[in-house]
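Inspection log for the structure reproduced underneath, given as structure tokens.
Labels run A, B, C and D following the written order; every chain starts at residue 1.
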Amino acid sequence: MEPLKTIRPELLTMSEEQIRVLMPYFVVFGGAIVAMLGSVLKKLSPKWPVFIITLATLFAGVWVSIGLIPEGPVTLFNGMMAADSFSNFFNTVFLLAAALSVMVSFRYLDREGLQLPEYNVLILFSVLGMMLLASALDFIVLFIALELMSLAVYVLVGFRRADRRSNEAAMKYFILGSAASAVLLYGTALLYGCTGTTAIKGVVHLAQAEPAAVTPVFVLGVAMVVFGFLFKVAAAPFHMWMPDVYEGAPVPVTGFMTTGLKAAAFAAFFRVFINLGLAQGATEVVQRHFHDIFWVCAVLTMVIGNFVALTQTNLKRMLAYSSIAHTGYLLVGFVTGTRSELGFAAGTMYVVAYAIMNLGAFAVLTLLSGKDDSGLNLHDLSGLSRRHPILAFALSVFLLSMAGIPPTAGFAAKYLLFSSAVQAGEISLVVIAVLCSAVSVYYYLRVLVYMYMHEPIGSPQTLRVSIWAGVAVAAMVVLTLQVGLIPERMVNIAKKAVIGM
Amino acid sequence: MLFWIPLFPLIGFLINGIWYAFGQAPAGRKKAGAGLPGAIATGAIFASFVVSLMIFIQLLGQDPEHRAVEQILFNWMSVGKFHVDVAFRIDALNTLFTLVITGVGTLIHLYSIGYMGHDETPGKFFAYLNLFCFAMLMLVMGSSLPVLFLGWEGVGLCSYLLIGYWYTDIEKAKAGKKAFVVNRIGDFGFLLGMFLIYSTFGTLDFESLRHLFGHAGSLPEGVSPQVITAISLFLFVGCMGKSAQIPLYVWLPDAMAGPTPVSALIHAATMVTSGIYLVSRLNFFYTGSPTAMSVVAAVGAFTAFFAATIAITQRDIKKVLAYSTVSQLGYMFLGCGVGAFSAGVFHVITHAFFKALLFLGAGSVIHGMHEEQDIWKMGGLKSKMPRTYWTFAVGTAAICGVPLLSGFFSKDEILWKAFSSPSGSPWLWFLAAITAVMTAFYMTRLFSLTFLGAPRFEVAEHAGHSHDHPGHDHGHDHGHGHGHGAKKVKGIAVHESPLLMTLPLMILAVLSIVGGYVGWPHASWIEHWLEPVVGGGHEAASGVSESLEWILMGVSVLGALIGILTSFRVYRNLSLVEAMTRNVQWLHKILENKWYIDEIYEAVFVRPIQVFSQLLWKGFDVAVIDRIVVGFGRVSQWTGETVRVIQTGSLQVYALMLLAGLIGTAGFLIYGWH
Amino acid sequence: MAGIDTHFLSWIVFLPLLFAFAGLLIPAKGTAGQTAMRLWTLLGSLITFGVSVSLYINYRPEGADFQFTETVPWISTLGASYALGVDGISLWLILLTTFLMPLAILGSFSAIENRVKEYYFLLLALETAMLGAFVSLDIFLFYVFWEAMLIPMYLLIGIWGGKERIYAAMKFFLYTLVGSLLMLVAIFYLAHQHKLQMGAYSTNILDLYKLQLEGGTFWSAQSILFLAFALAFAIKVPLFPLHTWLPDAHVQAPTAGSVILAAVLLKMGGYGFMRIGFPIFPESVAYFQLTFMILGTIAIVYGAWVAMVQPDIKKLVAYSSVSHMGYVIIGLFSLNEIGVTGSYYQMLNHGISTGALFLLVGVIYERRHTRDISAFGGISKVMPMFAIVFMIITLSSVALPGTNGFVGEFLILLGAWKVNPGLTAVATTGVIFGAVYMLWMFQRVMFGPVTNPENQKLKDLSLREWTVLAPLVAAVFVMGIYPNLFFEKLEPSIQRFIMKSTTNRTAPPQSLFSDNSK
Amino acid sequence: MHQIEPWVVLSFCSIIFFIGFTGVLIRRNILVILMSIELMLNAVNLTFVTFSKQLNHLGGQMSVFFIITVAAAESAVGLGLVIAMFRTLRSVDTDEIQILRE
């Protein structure tokens, strides 16, 4: 933020280009407001209007985003926000993730008696937060976006108000999340104190221009910012909130969190990481130290995620740990990101692939869950392939994709990610990673064991799959396989996104 | 034309085999009698005999130095420079073998039609028999080691199948397996020999190998004598297996579990002599290695002696003959081992005649006695089975070495060569001569216990019991064959066998008498005939005069006579035998139990390997490797369980972890930044 | 059939998958539906076989290294391409696969009664994956097929298997996966090396053949990479001491699963060595030659000994596979034409005879629902035709001359003898022990009196079972008597393989252990 | 009038921040924890203001407005969650929320 000495007209007017690139944000924001107003209509009709508005908003957002091909990075609001291919790419991901979550939640909310329009409104606002998060170039914007997203999600996590576990999850998430935000903010403050700016890029400029300005306070600031992100992406040892929250949250919310939230956190992390110059531009020593920290974090995260997931019997919680494990793989991308050609592109690709398969998996779980999110223990899945072969097949595809078995998106992404790590010379890390993923195969396959190799227990309950959810699951299966078989396009998009940043 | 020789039996096998497999074996199909399958099989082998004879005549007319007929059928394997054709080559040596195999084979086939008349599955039997002839002919006709090996293993297979022919008796099946496995041990040596030959000479073809050697035991250039010795010994291991020499002879006595014609054909006349064939065929290797020669001779002589000791005490008529076969095979190897290959081959031929005769005679006795094989339960069959009696007598005399019978000539030739040849020694001669005495003794024992004296079994009335239509099933199925006769008719109604069985006996008897004249000392046709292939007999070592030869011959004749006469005297009075037996009970027991060799093998090789295998499986595969594998899983699980505990559920513990992580990160960075 | 000329291999590979998907449309409810499903699958596999036969006819051994090639860029970022091609080495394995598949399918007509549709779908999908691995000329593509093959097999074992099926399926999957994941790391490294040396990423196998990697010591790049690949392949082979997944998987798998597992999946290991392991890392092959020959020899003897004491027929056959595949290893590592040809031939033999053995075991299992050797005895009497076929296959398994087994083992040992006579002598004892365990098993199952009343009334082979077994019996003899039929199309490829695998690429070319040195 | 040295203020801020954090760590009552979080945020605000003054740069002070707003929203949501929790659990003690574990 520049000191405001004179009123500069260009700050108050916006060029056509700027308005164009801001369209997705306007659409979502407008949609959210309309939906909020629309929720007044709930007396009229309990669920449809807001649902339709939300879905329309999200798809309109997707449509606008896809149609938007910025010629180059556009900086907005005096350098506080960027609209470039990177943010555009991630916006699409968030919007799609939200759209699918909404589609899947529809019948779930009915069943749980939670059909409140606020649900959709909150999702819209959190999506807006995510979108801003992925485009923030200033710490304050980043903070606001983060809080916009988080606050909405805190509520979503506790959405099953009468449920003790939901409450607990929301409370834990809220307290730890707020504390972490505060730490991040404190770090920002320290950086501001050292550099006189809250612009992310400004920090690194200073560190490069005046190495003498790099004081322990500055370093502490950086550390606190990084800490904030490590918390948000749930890297070990800052992962502990995640399993509890994922377990307690309503299933579709968990699905939304593992994809949208995680993708947003990583998107911002990528941007901050690169703009802070932690990867490039900083001195050798800095790079080495961050490398070491990420290395340790990555290994810890992979090990804890995978090994603890081995012992889980609740599917939701198992996927929570698996989500931690995937964070670990992504951190491998951070460790090596800039030293190899693909680096962050591979990471970006992985985020997307992960989002696809996780959305799908949680969509299936949503369909399978019984009243009050019960029925998600492993043995509840016994003989699913008999009861509902298509759902079982879909879930298998998602799980195998998470396990990284070809020909799925998970494999292609993992291949790209680890391949870039090998290029960066991180062979030992990759070996640890693949061994961990071998461990992971065990618990993913265990689900298949229950679905395919055990006989159904009890009387087969009829599963009603709404058309919305059906479409969502089918779309994810197709995407998982498509990205797995022909990853080239996705790789190119991811590459373009990262280069455009 | 050559290929017709093995092809006829193969065709016979295919006809009988397919007919059996699809027409007789399936449940509910009509069982065929022995007649038609037997006729097909006999016809096939006879046709091949005719062709063999034609080949022989053709060879007779050829120049001795190039006396051979060759035919390449097709290329079997061709990999890089390694090239094996399925090709036949008949020269002076193997023409004799083809004649014996097809000739004696025809007789035995003929005999089998009668013998197997009441068997349940004669189709199968004749198929196997023809298959055997096919394999045996491949063995002797093959022009290279791999083709020979094809036949070599093929005969082993047939031997296995035929020994275990009555497989419902598990002991017989086991005997078959034992034969196969022990033979495989031999084949192991054979294979190594082949590998060594190929890696040394680059070929496995007999002719090419022979050309590499040149003449008179000279070694090819650049090949060390040790390699030749190794090759010879490896191959000899194969021979030990196939030709039942110490230490691999153990399968042959057990092989008597098969039908008697099988014992006659495979385990006396043909298959077991293939070791001698191999050694003679590759004589240039052996002559190139004195060490190997002495090993062959020593093993041969010792086997001859050793088997004879066991034969003295056996009670089973076929077992006695089996040990006598082992012993005679020892003679043949002794002959080869002292360089008298032609003597060895000569003995193969005469032995084929008289041993086939003896076995078939024994078969006839067993047939007539309704499956009784214990000679102590026989006696006095002379009058009841006159044709069998007379032919058996001729066979016994031949094997004992009664002068002017076939066995005499061949055995004497070997004895003389064992003494006189450069690689021979008086010790070998002495051992062989002792064996000759023992042979005479136990064969006469067998003869007199079976045919002479009073019957030691209950004789049943002959009334209404004609052989051709027996009132009960005595279809040679040992599983339940025993004592059938006794159940229905009290005692045993002994009968002479039908002409179909005795005719071969008579023919073989004639051959046993006259077969030896082709090897008349000092005018031996056979030695001359074989000379181009196996080389001339070595000239007697200096200092051995012709008179000595006569003296030695006299000694051996005398020995045979002593053996025969003692045996007659002893076994005329059976109480005397029992008294004598009691005097040397320990020795008798050892001999009767065959020196406990089977038990020793069982304890030293079979059991330990089984126990060790079990240990490997349970103790290593499951307990170590698998435990490690499962251990990885366990450790993972354990790690998970342990790490999981940190996740206490307490909000504030989480917050503490955050703080710790933050302090750690910041500390590391601040410390490291400067 | 668009592009049948230009995409011949793709057609072969994906034909089964097409049939599999089409088969999903068949309503497999009720007996008629199931029968329709079975026949449809059979038809699919037969057509695939037919098409692959035309591959055989059109393959010219004197022609190019790789024929019927197709290359489509796939992931250019990583240099991965969809590259297919066939040489002699893949040709016969393709034919083996397509030949056995209809038999395996036909063999399980009556064994599989529940979830018929899934079963046949998986079998066909498996076929596609296997064929794909055999024709891939791109290591990435190869890996994709290699892994893709795990899932159908995993499900086949896990769903239609025996009592311990889940444990076995899991073990199979994880064992194989651990090996292949390390291979994956090595693949990354190779692609990266290619970029460093040639300026662009490539995972095309033919490009990787040109890589120059430092080798010759244990810690050199080549050795480590080779070991990473070798681990994956050795697990698949399976080589002692990495074989313990095999007995479990074999015993638990349904008949068709065992057949395919033994006949084709194990060949992936040997094929991997031939296609990737050897030609890319020639120095390491020389460096580890002795190690692997020792392991192969141990496998032969160990497998045979442990097979001897197995109470379960399938387990016995499984350990016999360990023993037989040990021959493959020593033959390959002997690195001369005789040994390698023998080795390759042994792979085909093993496919035929072990496949047939599993089918035979399946036949009695269907009748008796036990595989315990002690539960049988005297079966020969009750099922004479079965006994005849069993005998022939047993003989093929003990490598009797005239059957296929002999040609393979003989050539392997002959080739290995030139390299290391001592080890070969030990390996040759496998000939003895092979006879011991096979014949002992045969004796206990087939011979003796029929003691168990349950065995009294067993039905002999049905027409369907005859149809399954007859081609295998014929193959046993054809391969045993006229192996040149196979060698003709194989020879140039094997020669090239040896040349590549013995050419030292970091030093001036020099031939190691060459057959032609004499 | 003595000018307070910036480092004094900053140290004070950091102390408050860590008091806040410690509050989160050790207090059992969730309401108190919420207050602790407010404390942390306010420490940050104070830091911003101090730096803003020291650097003679308005940006810091502007940030404070945003942060205060967000903090208010946060408190609102937090209190809402506390109420929901109290409704189901009849307690606002952190010891009560340990069902989700391991």
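Following the convention adopted for this analysis, a residue touches a chain if its C-beta (ideal position, glycine included) is under 8 Å from a C-beta of that chain, and two chains touch if they have at least 3 such contacts.
Worth saying up front: this structure is predicted, and the values here are computed from it rather than measured.
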item	value
Between B-C and A-B, the pair joined by more C-beta contacts	B-C
Rounded Å distance, chain A centre to chain B centre (Cα mean)	79
Separation of chain B from chain C, taking each centre as the mean of its C-alpha atoms, in whole Å	38
Euclidean distance of C-alpha centroids - chain A vs chain C, Å	43
Mean-CA-position distance for chain D and chain B (Å)	98
Chain D, residues touching no fewer than two other chains	21, 24, 97-101
Shared interface positions of chain A, touching two or more other chains	171-172, 175, 179, 183, 243-244, 442
Chain B: positions in contact with at least two other chains	633, 644, 647, 649, 651, 655
Full enumeration of touching chain pairs	A-B, A-C, A-D, B-C, B-D
Interface residues, chain C side, partner chain A - complex	74-78, 118, 140, 143-144, 147-148, 150-151, 154-155, 158-159, 165-166, 169-170, 173-174, 177-178, 181-182, 184-185, 188-189, 191-192, 195
Residues of chain A that touch chain D when the two form their complex	1-4, 140, 143-144, 147, 151, 154-155, 158, 161-165, 167-172, 174-175, 178-179, 182-183, 185-186, 188-190, 192-193, 196-198, 243-244, 247-248
Residues on chain C engaged by chain B in the complex (per definition of touch)	171, 174-175, 241, 243-245, 247, 302, 305-306, 308-310, 336-338, 341-342, 377-378, 380-382, 384-385, 388, 395, 400-402, 406-407, 410-411, 413-414, 417-418, 421, 424-425, 428-429, 431-432, 435-436, 439-440, 443, 446-450, 460, 481-484, 487, 491, 495, 515-516, 518
Residues of chain A touching chain B in the complex	171-172, 175-176, 179-180, 183, 214, 216, 219-220, 222-224, 226-227, 230-231, 237-238, 240-241, 243-244, 285-286, 288-290, 292-293, 303-304, 307-311, 439, 442
Residues of chain D that touch chain A when the two form their complex	10, 17, 20-21, 24, 30, 33-34, 37, 40-41, 43-44, 47-48, 50-51, 54-55, 57-60, 62-63, 66-67, 70, 73-74, 77-78, 80-82, 84-85, 87-89, 97-101
